[in-house]
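Letters A, B, C and D mark the chains in the order given here, with residues in each chain numbered from 1 onward.
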Amino acid sequence: MPTTTQTESAILLIHCPDRTGLVAAVTDWLFKHDGNILYLDQHVDQQEGIFFMRVEWDLARFNIPREKIGEFFQISIADRYAMRWGLHFSDEKPRMAIFVSKLGHCLYDILSHTESGEWPVQVPLIISNHPHLEPVARRAGIDYHLLPVTPETKSEAERRQLDLLEQYQIDLVVLARYMQILSAQFIARYPNRIINIHHSFLPAFAGANPYRAAHERGVKIIGATAHYVTPELDAGPIIEQDVTRVSHKDSVADMVRKGQDLEKLVLSRAIWYHLKRKVLVYGNRTVVFG
Amino acid sequence: MPTTTQTESAILLIHCPDRTGLVAAVTDWLFKHDGNILYLDQHVDQQEGIFFMRVEWDLARFNIPREKIGEFFQISIADRYAMRWGLHFSDEKPRMAIFVSKLGHCLYDILSHTESGEWPVQVPLIISNHPHLEPVARRAGIDYHLLPVTPETKSEAERRQLDLLEQYQIDLVVLARYMQILSAQFIARYPNRIINIHHSFLPAFAGANPYRAAHERGVKIIGATAHYVTPELDAGPIIEQDVTRVSHKDSVADMVRKGQDLEKLVLSRAIWYHLKRKVLVYGNRTVVFG
Amino acid sequence: MPTTTQTESAILLIHCPDRTGLVAAVTDWLFKHDGNILYLDQHVDQQEGIFFMRVEWDLARFNIPREKIGEFFQISIADRYAMRWGLHFSDEKPRMAIFVSKLGHCLYDILSHTESGEWPVQVPLIISNHPHLEPVARRAGIDYHLLPVTPETKSEAERRQLDLLEQYQIDLVVLARYMQILSAQFIARYPNRIINIHHSFLPAFAGANPYRAAHERGVKIIGATAHYVTPELDAGPIIEQDVTRVSHKDSVADMVRKGQDLEKLVLSRAIWYHLKRKVLVYGNRTVVFG
Amino acid sequence: MPTTTQTESAILLIHCPDRTGLVAAVTDWLFKHDGNILYLDQHVDQQEGIFFMRVEWDLARFNIPREKIGEFFQISIADRYAMRWGLHFSDEKPRMAIFVSKLGHCLYDILSHTESGEWPVQVPLIISNHPHLEPVARRAGIDYHLLPVTPETKSEAERRQLDLLEQYQIDLVVLARYMQILSAQFIARYPNRIINIHHSFLPAFAGANPYRAAHERGVKIIGATAHYVTPELDAGPIIEQDVTRVSHKDSVADMVRKGQDLEKLVLSRAIWYHLKRKVLVYGNRTVVFG
């Protein structure tokens, strides 16, 4: 996407009840205001009757001031079609917090992407219930807050976590193999803004010890799943999944090793989709405009 | 795609130089004529500056008579934007000829799809340079013409093949492991309408004996490639590819066996994309609106 | 495997408690009787302490008469190590029955393999609860028995199915999208000799309508699973699995279409592993010496 | 492989002309010296008539002293069968040097594995022709030597590189997207001990700019290949390959992004196979006992 890096662009994510003329309405509005469309994806869920659209256009000649775009779109288009929408700009850099426990493979992979400047994101904060990865955070120049969690201290820990998220003005929380379950209250504060990586091909092997369960069931393929966190464990909207082949030769330890490669890839891809504003959530599913 | 099977729809495949307002122009035209968009895919090749679009809409309330749609579109839209386009209807059933030699796996797979009624196609004709698969054709009720090919008889055989294609009013030719090279003259008669399956991951191992070559090179993955046939051997626009893993345990015979599964799948997928009017060819590449 | 087709070979499938010297004992015995090993695979489940071995050797110079091999092996080796074993010969052709309902894609794929002579198998019998695929069976010259199944007639139908299996001397039963659940009594007659294809990535989406369930859960990958049938539904030892990517664009009908390609491939691979005596079952898992 | 981490084990990699009794000879020798086999893999290249074997056994009760194993094996077994072999111990930690240029994704991935202690390896040395990744090396506590390379300074740079490899007692060199071609003289010093990652599915798109070439050819799948370096560019024995799907939507930049995920995974897997002594090279191919 060379164009998007050379100039600022705007992105609209839209969904609404399906009807005739929706694409025409949006694209005509953009055209009349001299917006050159860079990417347009749309999808109709025929069964549910919902229309989804992602459109990205060049702001160079667009004749509505940036700060007025939302207001104009609401009045000119969204009101008429009962659209729900989100507006983003390609030069924004959301602020992301990473939650970890002891395992570092996902964190390394994320840092590889963020330190190279490949992702439009800032990472000011890492939170963990263990001290293991503090050196990695410190080396990367990221604040590391150690908040141990026990059944007794869990609510207090969550309160402090939320304070930190607010203090650091966090937009997106990534659970990079963070081995604690968040409360419904916590999750409600960041709806569709907490991404978790689960080390199985959901819905198979939800819950604890998925590799052991996969080994016992004798599956020939294992997987990993990145999803938005909802109060029901491992049941939130799936953003991305991938799999790899295993055989009888693979012990649980081998599955863990092979699975970690999946986990980091799948989580990083999901973060990238989120940061690039390619994900729309509806009901318990996602539209990912890859 | 339940909708497309319940009612007739029209499909436009468009490409033209990119400029602002193309999506708006097409969708607005459809909207004004009461065309309800079922699917819309568009793509801009930013490097080449070309705009591609596939749009499928419901004909139920569309207020231009079916036989006038092309003419109206040309005058109202295409002329203005220098668009090249193709118009298709979901209830059309193209006529497909299958060329085979001795191996039957691709033919079986194609017949599995056509006999179940899954594909919108008619198959009145099978041509072969060998007698082996005649029983399969006869059982399926398809005419089988045996045209042996030797260096001396090749031009005569091609002349007779072309006569048969004309006589049977063939729209699409599928080379289902047909082990003869077609002449440039033949190919020129069916531009982007001859689909071949090559038993390697092109451009690796073009030409004869790709599995032997793959074995000698010691690759860990083998593939198959479906492409439109152009005069340059195995160099035409790629429609679909897929791969599978091999190891040192796999002899050439094992690679052949594993590869045949790929060949039939990849070829059938490519035919399906073609029949569903999802493929646009430009230069030596394809846009496949999957 | 050019060698195995040029000459007869014998195959031993062995499992027993693990201990030192097992490979030495078997290979030394083969060596002393002039058996040239063509393939040797072994595996130790370290956790369970079980040793598995598949060894295939050339019979050309082997100095134990074919009909005495089992007896000699039992006395010389198996008794000493408490081995359980099966002996097979490469020139044997097991007799396979295929159960179908209405969908033909798996049957076509199986016939493609059997009619080409690729598989060492005979297929004398197809049983169905519907008449749809009778023409396909008749064309292939295979007896087709229509046994409709209703809740009331189920036990009677199973009794007649078992009679047919006996009459046709069937060694292996393949459920090629046969949409009926077999009783525990039926299954007990063919332990680890009934192969089913389930149209999901088990253990996800066991039971009915897996594609609909996958669509509702919003997964990004769908799969198919071939397994030996046990009394617990969709819970038997898995032989083979494979997956393919889907997206929000895929309706349930699209998933069905993509999934059918998986189903036929996965089922055919599982049958091939079984016929080639590459599968060992222990507990609820398989060792597949690919 | 829990066992191998709990105790020391020895690994023999063997190849020799195929003949009857080879497995028996080796396993019988191990058995007589109280060696408990943990893993045994063997393969016969029927076409070339070569026998390959990897056997790993527990040293706990083995009654030949560790330092005498090679000598005893040579005299008792290897001499008789003209075997070529390598002996390794699970508690050895080879010394690995990493060569990089500007791109860090492979380096990050390698460090993720080495810093977690997952790999049996030491990494004392990073060599680069650019300063970009020096901070990453310094943070990880690894010496970083900047040796710029120009056509004029190339031989001098290689001489200094070789000095460093000797000084640091390096066993294995990994080219982690090092964008320089090594001379035949350099390569001859580390035969089958230099691993390179090439950013294409070899043999397709050897040489420079493979992603651009893949984009121009319009392939639907891209890949990455890890191989041992030989004097002929991108033509050495392949250790591991993997692929990912692309479409017309993917610009060259998108292919680079998707490809980098492949590159790091494929390179890390190849290093792991090498470190675990699972790779045998013969001719221009590898046997990888996965």
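Going forward, a residue touches a chain if its C-beta (ideal position, glycine included) is under 8 Å from a C-beta of that chain, and two chains touch if they have at least 3 such contacts.
Being a predicted model, the structure only gives us computed values, none of them experimental.
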Pair from C-D, A-B or B-C with over half of its contact pairs in common with A-D: B-C
Interface sides of subunit C and subunit D: same vs different residues, half threshold: same
Relative to subunit C, chain with the most remote C-alpha centre: A
Centre-to-centre distance between subunit D and subunit C (centres being mean Cα positions), rounded to whole Å: 37
Centre distance in Å when subunit B and subunit D are each reduced to the mean of their C-alpha atoms: 41
Junction residues of subunit B - those touching two or more other chains: 1-2, 46-47, 249, 251, 290
Residues of subunit D defined as touching subunit B within the complex: 43, 45-47, 52, 201-205, 216-221, 223, 237-243, 247-249, 251-252, 284-288, 290
Touching residues on subunit C, where the partner in the complex is subunit B: 1-2, 103-105, 108-109, 111-112, 115-116, 118, 136, 139, 249, 251, 253-254, 257, 261, 265, 268-269, 290
Interface residues, subunit D side, partner subunit C - complex: 1-3, 20-21, 23-24, 27-28, 30-31, 34-40, 42, 44, 46-47, 245
